[in-house]
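What follows is subunit A paired twice: with subunit B in the first complex and subunit C in the second.
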Partner chain A sequence: MIKSLVMEFWKIRRRKVWTIVAALLFMQILWLLWGVNRMDAHELSQGWMFFLYQFPLLNAIMVPVIAAVTASRLCDIEHKGQMLKLLPTLMPAGRLFTAKFLCGAFYMLAVVLLQIAVMVIAGLVLGFAGNPPLDKLLYYLLFTMTVSITILLLQQVLSLLFKNQMIPLAVGVIGSFAGLFSMFLPPGLGKFILWGYYGVLMFVRMDWDRVTRITDFYYVPVDWSGFGILVVAFCLIYLIGRSLFIKKEV
Partner chain B sequence: MFLRTIRAERMKLHHSPVWLAFLILPVLPAVMGTFNYQQNIGILQGQWYSLWTQHTLFSCYFFLPAIIGVYCSYLFRLEHLNHNWNAVMTAPIPVAYVYLAKLISASAMVLLTQAWIGVLFLISGQLCGLNLPIPPELPEWLFYGFVGGSVVCALQLCLSLVIRSFAVPVGMALIGGISGLVAVAKGYGVWFPYSLLSLGMRANQPGGAMQCSTEQFVLNALFYVGVCIIFAVLWLKKKDVVAG
Partner chain C sequence: MPDVITTTDLCKQYGRFMRVKDLDLRVPEGVVYGFLGPNGAGKSTTMKMLLGIARPTAGTISVFGQPFKSRNRLSILKHVGALIESPSYYGHLTGAENLRIICVLKGVPVSDINRVLQIVRLENQQDKKVSQYSMGMKQRLGLACALLGNPRLLILDEPTNGLDPAGMQEMRELICSLPQRYGMTVMVSSHLLSEIDQMATDVGIISQGELVFQDRLASLHEKSRPSIAVRTLNNLAAEKILGGQGIACLRQDDYLLLPQLSDIELADHISRLLASNIGVVRIEERRRSLEEIFLELTGTAVSL
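Right after this comes the complex of A and B.
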């Protein structure tokens, strides 16, 4: 398995897969820093919550497309080189599937870890009230990572099954759109859309007073049932996608 | 000759499901935006204008540019694969026709999408029971949206011509759309090609005038399309093809 994973990274060593990931992450950070550079005392007092509210929102817009692009780049090399005829004669197809997934998941993990690093550094530099809320940041890591790798997995299945990369990319863009919209609809609806889980698993809510124009953030209990559904969805997509890939005619 | 190139372009897309994405994409904001409008009817008091914002805001900034990126990537993917560049570059037509035929094909798709957005908007308004007359500016919003969308097409086609990967230009389209949002917010929307789509469709303030004059909007759009055409023609003329 380790060897297969090393091979995946070896294949993409000059493809600069990280560039588009880095560019989108850069946009996210710019957007956030643009929002925090004129915070007053009230906003600084709830700065950590502001970040934990904003990042899932931005993730819902950007990460599904990052995942679709990453998965497509990892899988498209095999289509272009007609390698799906050769590779299964050298290694089990299931192992190839897992290695590709782990390779893509590495990029998703890098995105979340960098986001958390930006949150902590920006929070400390700007002087947010209190220490970084470690437990909340760990929740953020767990939830964001789980949603991102589930979306990545779905994108990988589509990118491997369809030679025409238009299909997975279009699904990624449309799914991301549905996910973003579901965050503005009554809670519960997001649970029916995989891309809506950035919103479902958000544990900070915002209250905006129209009269005073003051925004208040507050923590809400984590939706563990939503997390459970997501984990089940991940397992199902993994099992079904892997077996479809193994049975696919090359 | 040019008409034949366009017909060839159409034949390449024959039976391709690419139009399906453009059919589905506007349905999402139409359903969810209308629902959101119904939920917040107390805050959104601009009737048709508020409904228009709900329908267009997210799609103009993030998702229409990205889906146009998908379409343009697909148009050039046909040439990047199967050694097709060899056939395309030796066809007895000026290289400019190759790019222009693709631009027309992509712009036609944007035009159809705009018409579809208009139809969905009218249906949603009827379902919401809006009693004021339909805004007279609607055809203008859709038309300028088409102009802005064509600029995005021209730019994305250039990216997909240069970048052989399918997915990378799509990611760049999303980055462009997000930067476009920043450009509009800062007041430089008309100078940034990706902002022209949302500016033309008046996604953020449908009631008032555009952020810039109409002449400037059209001039800038023509300028960007012109630059893209010149770039693509020079690229096709000077660069050797990579067929594979």
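Right after this comes the complex of A and C.
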């Protein structure tokens, strides 16, 4: 498997997969830093919660697009050069599927780790109250990664099954909108939309007082049942997608 | 010679359409086996089944004497090189980088890259991106990929597609040389009879998914040997007289087909018929071309 994974990274040399990831991440960070540059004392006291609220919100819009583009960039090289006729004679198709997924997951992990690094550095520079909440940041890492790799997995299945990459990319864009809108639906409904899990697994809520115009953030218990559903969804997409890819004849 | 590939009642069905029907292939070791058939006859489908990238609807495949199953497919394919339809490549990588990926996945030493590049004469283009290659160069790179690890069996599906006449000739000469130089068995498909005639020692002809001929190429040529057609006023009596002289006759329409005879022998037999009061009204030399034989076997016009 390690050999196959190394080959996946070798294959995407000069494909500049990281550029689209970096560009979208850069936009996301700029957006957030623009929001924090004029924080008052009250807001600085809730700085960490502000980040842990805003990042999932922006992730719901941007990460599905990053996942769709990453999966498409990793998979369309196989379609373009008709490699799917040759590779199954050299390695098990299932291993190719898994190696490709792990390669894409590496980019998703890089995105989340960079986000956390930006949160910590920005928080310390701006002088947020208290130390970085390590436990909350670990939850953020776990939940964001799980949602992102599940979306990536779905995108990979579509990108491998469809030669025309417009189909998975359209699904990615529609998914990002669906995920964002699901946050405005009654709680529970978001669980029916994969892209809505950035919202489902958010553990910070916002309370905006109309009269005083003061925003307060507060922690809520983690929705472990939602996390469980997501893990089941991941397993199902993995098993079904892998099986469809293995059975696909060229 | 043992058979490298054996198939028994191999079938492939797509929807209602039977693309390959009850195919019994026998590819002997150390030969260039030409797999000939018109476009859409089922050549590529058969080759895909031999590589495990299409699943047979029915029938069995045996490669190197081992039954070809999903569990041992990859261990068998370690000794097989393949080029199916058009070459497979990563256009954004160089030729050498493409070969390196195949080397690693095949478990072949990277040092083999130079050897195969020399065989296909791509050593000077190895650092160029494959997207900048001409069709002929891509085809040669595809062959280089197939040759990595010096496989015992090469499966090449229309390897001269898209090549110019000089490239086609070069590819054919290279394929012909492989059994002698490297001890490989080569199964090569084409819809061009002349091409198979130049390359192959054995031939299988497929038409509408069915194998209509399989033997040494020489026996196909045998069928195109000239014969003498004689028409008499009493073919029955003439057949009896010629048979008495040890000449085997074949009746075809109003003619008797005699094997190739020298002029003196023929004159002698004709005199004998005339002496028996059998009027000889036509004597013709007939020769069927390979194309006519192909047409007869497949019922399809052949591409020349």
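The rule we apply is simple: the second predicted complex is superposed on the first by the 250 of 250 C-alpha atoms of A that agree within 3 Å, B and C clash if a C-alpha of one lies under 4 Å from a C-alpha of the other, contacts with A are read in each partner's own complex, and residues count from 1 in each chain.
To be clear about the criterion, contacts are C-beta pairs under 8 Å (C-beta built on N, C-alpha and C of every residue); 3 or more make two chains touch, one makes a residue touch a chain.
This structure is a prediction, so every number in the text was calculated from the model and none was measured.
When the shared chain is aligned, subunit C comes close enough to touch A:Pro92, but subunit B does not. Of the two partner chains placed by superposition, only subunit B is touched by A:Ser182; subunit C is not. Put simply, more of the residues of subunit A are touched by B, taking subunit B and subunit C as the two choices. Look at A:Ile61: by the touch rule set out above, it reaches subunit B but stays clear of subunit C. In the superposed model, A:Leu109 lies in contact with neither subunit B nor subunit C. In the superposed pair of complexes, A:Met206 makes contact with neither subunit B nor subunit C.
In the superposed model, A:Lys80 lies in contact with both subunit B and subunit C. Once the two complexes are overlaid on the shared chain, A:Ile229 sits clear of subunit B and of subunit C alike.
Legend: residue contacts after superposition of the two complexes on their common chain; A:Gln165 is shown touching subunit B, with no touch to subunit C. Across the superposed pair, subunit B and subunit C both touch subunit A at residues 80.
The residues of subunit A lying in touch with subunit C in their complex are 3-4, 6-7, 10-11, 13-15, 77, 80-83, 85-92, 249-250. Residues 48, 51-55, 74, 77, 80, 82, 84-93, 97, 100-102, 104-106, 130, 145 of subunit C are the ones touching subunit A in the complex.
In the complex of the two chains, the subunit A residues touching subunit B come out as 20, 23-24, 27, 30-31, 34, 61-62, 65-66, 68-70, 72-73, 76, 80, 164-167, 169-170, 173-174, 176-178, 180-182, 184-186, 210.
Within the complex formed with subunit A, the residues of subunit B that make contact are 16-18, 20-21, 24-25, 28-29, 32-33, 35-36, 39, 43, 58-59, 62-63, 66-67, 70-71, 73-74, 77, 81, 165-168, 170-172, 174-175, 178-179, 182, 244.
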